[in-house]
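Below, chain A partners chain B and then partners chain C, in two separate complexes.
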Partner chain A sequence: MTVKKRALMLVLPTVVVLALIVIFPLVFSLSVSVRAYDIRIPEHPFIGFGNWISLLKNPDFYSAVLVTGTMILAELFFELLLGLCVALLLLQLPRSRKIFQPILLIPMMVMPVVVGYMGRLVFEVRSGPINYFLNMLGLESLCWHASPDLALITILILRIWRWTPFVMAVLLAGLLSLPMEPYQSAQVDGANIWQIFIHITIPMLKPIITLVVIMRSLEILQTFDIMYVLTMGGPGAKTMTLSLYAYITGFRYWDIGQASAAAWLIMIPLSIMVTLFVKMMEKGEKIEQAK
Partner chain B sequence: MNKRNKLLIRKTLISIVMVLIVIVSLFPIYWMLLTSVQPRHELMNYPPNFYTRHPTLEFWKFTFKESILEFFNSLVIAFFATIAAIICGATSGYAFARYKVGGDTLPFWILSLKFFPPVVAIVPYFLMMRTLRLIDTCTAVIITHMIITVPFAVWMIKGFIQEVPRELEEAAMIDGCSQLNVIRIITLPIIAPGLVVTALFCFIWSWNDFMFALILTRNKAMTIPVAIAGMREAHGLMWGEVSATAALGTIPIIIMAIILQKYLVRGLSLGSIK
Partner chain C sequence: MKKLLTLIICFLLVLSFSVFAGGKKEVAPEEKAKEFEGVKVSVVAHSGHHATPWYDEAPVLKEKYGLDLNVIEITADEIYSRVVLELTQRTGAYDIVQYNSAWIGDYEPYILPLDDYVVRDNDAIGFADLLPAFNKAQNLWGGKKVSVTLDGDTFLFYYRKDLFQDSGEQSAFKAKFGYALPDPPETWQQVVDIAEFFTRKKGEKLAGRTLTKDFYGYADQAKRGRVYYWYLFRFVPFNAPDPHYFDPKTMEPRINSSGAVAALENMKELLAYSPPGVLSWEWDELYAAAMNDGTVCMWIHWTDEGRGFNTLAPLAVESAPAPVLGISASPGVEVGGKVYQYTIVDSAWVASICKDSKNQDAAYAVLKHMFGPGPVNLGYIMDPQIGWDPSRYSHFNSKEWREKIPGIENYLELELKALEQGYPMLKIPGAFEYNDVLDLNVSKYLAGDFPNAKAALDVVANRWNELNKKFGAEKQKGFYAKIWQ
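Here is the complex of A and B:
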């Protein structure tokens, strides 16, 4: 009993700290979202679901949902594809892998604000290197992040550049942990590389791919920094993601009530994904303990 | 012999592809470093220079003069957010790993907080810090960063402690060691690398954070990312100056990542892949 109590004393401070810094803002933000909140006035009258309804009637909100959804699908597709290709290539180079892998992981360590700034630098219209390469190939210079058609693509290129290394590293770790036996027996049965890949590698990698998909979706759902630096959601609202939308509503237009409602609407898909993630981790832990 | 040659050719081809991928992935970083040491009159030339014959430290001098406060703020904030996380993580991580306090539910609840979206917290924290008159202080930013660093540290350290064989602790206990001594002499040295790894991750996270610092700081407590984002608005585009500041903010993190290398995947996947 005393041991249990002592252990509880060890946990208590952390739980109290976390409850204070996490539950407080959740409850507070919910209460702000049902008020007409003007920070210049001390009174904040209760208006029920007014903020939520006007948010759900606002086409800008849906455009932000669409942009965020597009980003999730496009990033997942390209990051998994590129990440898997690079991981499979590295798998073929058991010795030089140790040199290549750490170098390839560097983009992931660049802070997102700097990634946005790098985008400004390399996609510069008049004398940026990317347009220079295009000109060398005989193509016209493009406006990249300033053009309505290409702004989202520019952001996606930058984000794929930063995050593919993460996907690659996790997939490679997964590939390296796969057991050898299924491969050997498939080879004995005379399966070709493609068949082995589709019928053995992919099914065995499935838990890790699911994990990557959830972790990446969670991050993309909250993405903010690169757009803030590079486009501020523009041109128009072509690169306005949900997080940026909530930020601009709250801290540019000072509509704090509606910003809280928007933040809560991000919380809903996010909590579903977090629950899934935690379930997967729990399962993994059980398997580990059973071993 | 033929088969061996084929294998060699294949490996060479793959290596060439890898080198190309490396060039593409390092190019933006190289370009930023190049911009930070190029003399002003060479910047924005067309065609662009891919190297410079006259490197200059002009912009780096500017950065060290103008951004030193922001650099220092980032350092202080990341340091304290990390220390708090390690203290909470070590105490409760030990209790979770050894005494199963709260069963499975409590540690997993804490893990799920790692994904707490800053965008939900910014409004309430802004209002609260305003009431407490803590806007533009490092304290405000440290408190908000703990939302992410503490759950991460608890989870990671719990994992590292679980890997220490229980028998080792029990054997020492039988030899007459007190509980506290067992932790000090046996457990702590074994998990020390794990603690360092966790600390570095917390530090990187806090250092790279933009949203909390953007909302809670004005100028006295401004951090490096906020300074970089703001330089563009304040001075038009000063390519060289911004590049030097951005490089200054990025290089320490890249160095840390190289130190972390072995544990990078484990930290990034929250311990799910070891």
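Here is the complex of A and C:
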């Protein structure tokens, strides 16, 4: 057996496994997305881009895009801001860190469905503790997840509460791994805390922030559990995310063709977005290194 | 020759004796194997209290038939999807399935009609005992008996009779609206008037006492997912005297008719007299506010409140009068001097045997044991913790139940009366999707996403037309006709 053949034999199992668990489902879902595929109907005729066009004409799909986009922007902003603040605080408290860090990570360990049910109780309009405290402060009760205006904000509060510890943990790990020399040089040069933070900490944390942004964006795009339990996408479609939309289309209506098209419509821009973002960060790093 | 003949006769005699003796040994009762020894029957049940009777009866069925009952619990909102998946893929994983009777359009190809069993054992399961409202609307499909009702769930209108009986409130209502406070309310317009009249703030007077909490005239279970039921309670009477989801001849949706629009507007109008947060209310929230908190005047719900009439909390006022729950059929609409009231009867749970079941006879024996008329079934129906509601004459006429819970006869008789105007849900293939599309757009309208009710219902009508096209309009027409057969 030649070296080339031996190398091929060694790679083959990985290729086969990848083909089975990654490539086949992708190709299959693409083939389903161009057919009228409902498991209750025996025939699954080819309809070209029918499912895709139908989706792009559906205002509920755009509503789901808007909700998901809002969630990505709002969650990333608040989770990064809060996560970084808490991470910096814990960095300054090396002794207390061992106690506070595990406690702060508890929300992340709570199952999303439990978070949903907990939210239902905590934000209950008439007897929930949040409104109770608002009343104690002399404020009016709010309708929270029952209000068309506040439902998404309620979801965001729950999700930011759950995911900020994750962001904090990753950023803290990143901060702890940063080299000390640039800080010492900056101090010698007379830089203040803010300058050190902006010109040393943030640039050196960029790869970690990139990782967090990508991981969180992917998770937010896939999320539907809290909404499923708390609002079922309502009131109306105010909290209908793309994945909840795809789930309802695929597993409630059994319109697998349209659900697959929705999944592809989510995946294409996401892949582009992630690629561009990674390229952008790599470019930034190269510029920093050149400096 | 004679010898040979004698020998043959002797041989046959010995043989027949031995066969006879052997046969007799087989049928000896002490040694006879149980009818379904070693057979496993898998049943899909609505998780929680609905599943309890299945677990409780499993040892009894083992003792009686030798079979093992495997209970698979699935939450109410997942039953449809999971069962459809198993049935359409013909896995044979389930022998008995519990489902909402409105889903029969999708389940029909995979469900075993029970007519042959009924003929064979002279209706031991007691279809003749089931009220026509259930038997006709739920169990019969295209003239065949496809299921047996396990939970005679239906919707009733509830109101605070203690408040309606207050003479001060009666006079004030008459002075404001020019007609006597109707007890019970019969039309949706009356419900709007009464809801407006009784909606009051904490500290104001109600029935001559000071309110300790805000009090609301009316409440729906308006959370996205099942709010369409509360719309249909209005849609059907607002389209009287001939309400239809579709034109039976053309399958053109009637969900955006002028009556349908008026029904949705009525729903929104009543939101003004409903508790804050009602758009997120599911079963628990409505039940708790109405029954445990005493802050809702009128509402429509399943029969749980009727069965638990004696657990109604007093009104949220100082020195509250003794609580009294009023029960009635859902309000209607007056057309040409006649009030048309209907009770939606197709929201109930039924059980069927799957065509792909390998143990159909054993499954039928299980159904007969669980739901046939008799003390086993009645015991569960009488137990308020189980959630199975009465569906049979033998339930409604039960002397045992009436003696055990004084006052229950009022609920039983009022429900019987309400069921006289039973109206079926939409039961065609994809009914779940048709209803969910309606649900989404009703919810969007209530949340303010549409400028008016007509715009919301036009979207539903367009989607229903698309669904008709997807399933085949002619086929759907045939299924739609079956609803009324």
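Methods note: the second predicted complex is superposed on the first by the 245 of 291 C-alpha atoms of A that agree within 3 Å, B and C clash if a C-alpha of one lies under 4 Å from a C-alpha of the other, contacts with A are read in each partner's own complex, and residues count from 1 in each chain.
What we mean here is this: contacts are C-beta pairs under 8 Å (C-beta built on N, C-alpha and C of every residue); 3 or more make two chains touch, one makes a residue touch a chain.
Note that the structure is a prediction, hence the values are computed from the model and not measured.
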In the superposed arrangement, does A:Arg126 touch chain B (first), chain C (second), both or neither?
-> both
Counting only touches as set out at the top, which of chain B and chain C does A:Met111 meet: first, second, both, neither?
-> first
Which holds for A:Gly234: it touches chain B only (first), chain C only (second), both, or neither?
-> second
Comparing chain B and chain C in the superposed model, the one touching more of chain A is B
Where does A:Pro148 make contact in the superposed view: on chain B (first), on chain C (second), on both, or on neither?
-> second
When the two structures are overlaid on chain A, which partner does A:Phe251 contact: first (chain B), second (chain C), both, or neither?
-> both
For A:Ile39, is the partner it touches chain B (first), chain C (second), both, or none of the two (neither)?
-> both
Which partner does A:Leu270 reach: the first (chain B), the second (chain C), both, or neither?
-> first
Starting from the residues of chain A touching chain B, keep only those that also touch chain C in the other complex, and list them.
-> 39, 120, 124, 126, 251
Counting only contacts in the complex, chain A reaches chain C at residues 36, 38-41, 60, 120, 124-126, 141, 143-148, 231-238, 248, 251-254
Chain C residues touching chain A - in the complex, by the definition given at the top = 80-81, 84-85, 88-89, 106, 223-225, 275-281, 285, 289, 293, 429-430, 432-433, 436, 440, 443-449, 470-471
Quick one: in the complex, what on chain B touches chain A?
-> 10-11, 14-15, 17-18, 21-22, 25-29, 31-32, 35, 44-48, 50, 88-89, 91-92, 94-96, 98-99, 101-102, 104, 106, 108, 110-113, 115-128, 130, 143-144, 146-147, 150-151, 154, 204, 207-208, 210-211, 214-215, 224-226, 228-229, 232, 237, 239, 242-243, 246, 249-250, 253-254, 256-258, 261, 264-265, 268-270, 272-273
Sites on chain A touched by chain B in the complex = 3-4, 7-8, 10-11, 13-15, 17-18, 21-22, 24-26, 28-29, 32, 39, 86, 89-90, 92-93, 96, 100, 102-118, 120-122, 124, 126-129, 132, 161, 165-166, 169-170, 173-174, 177, 208, 211, 215, 218, 221-222, 224-225, 228-229, 242-243, 246-247, 250-251, 256, 259-260, 263-264, 266-267, 270, 273-275, 277-278, 280-282, 284-285
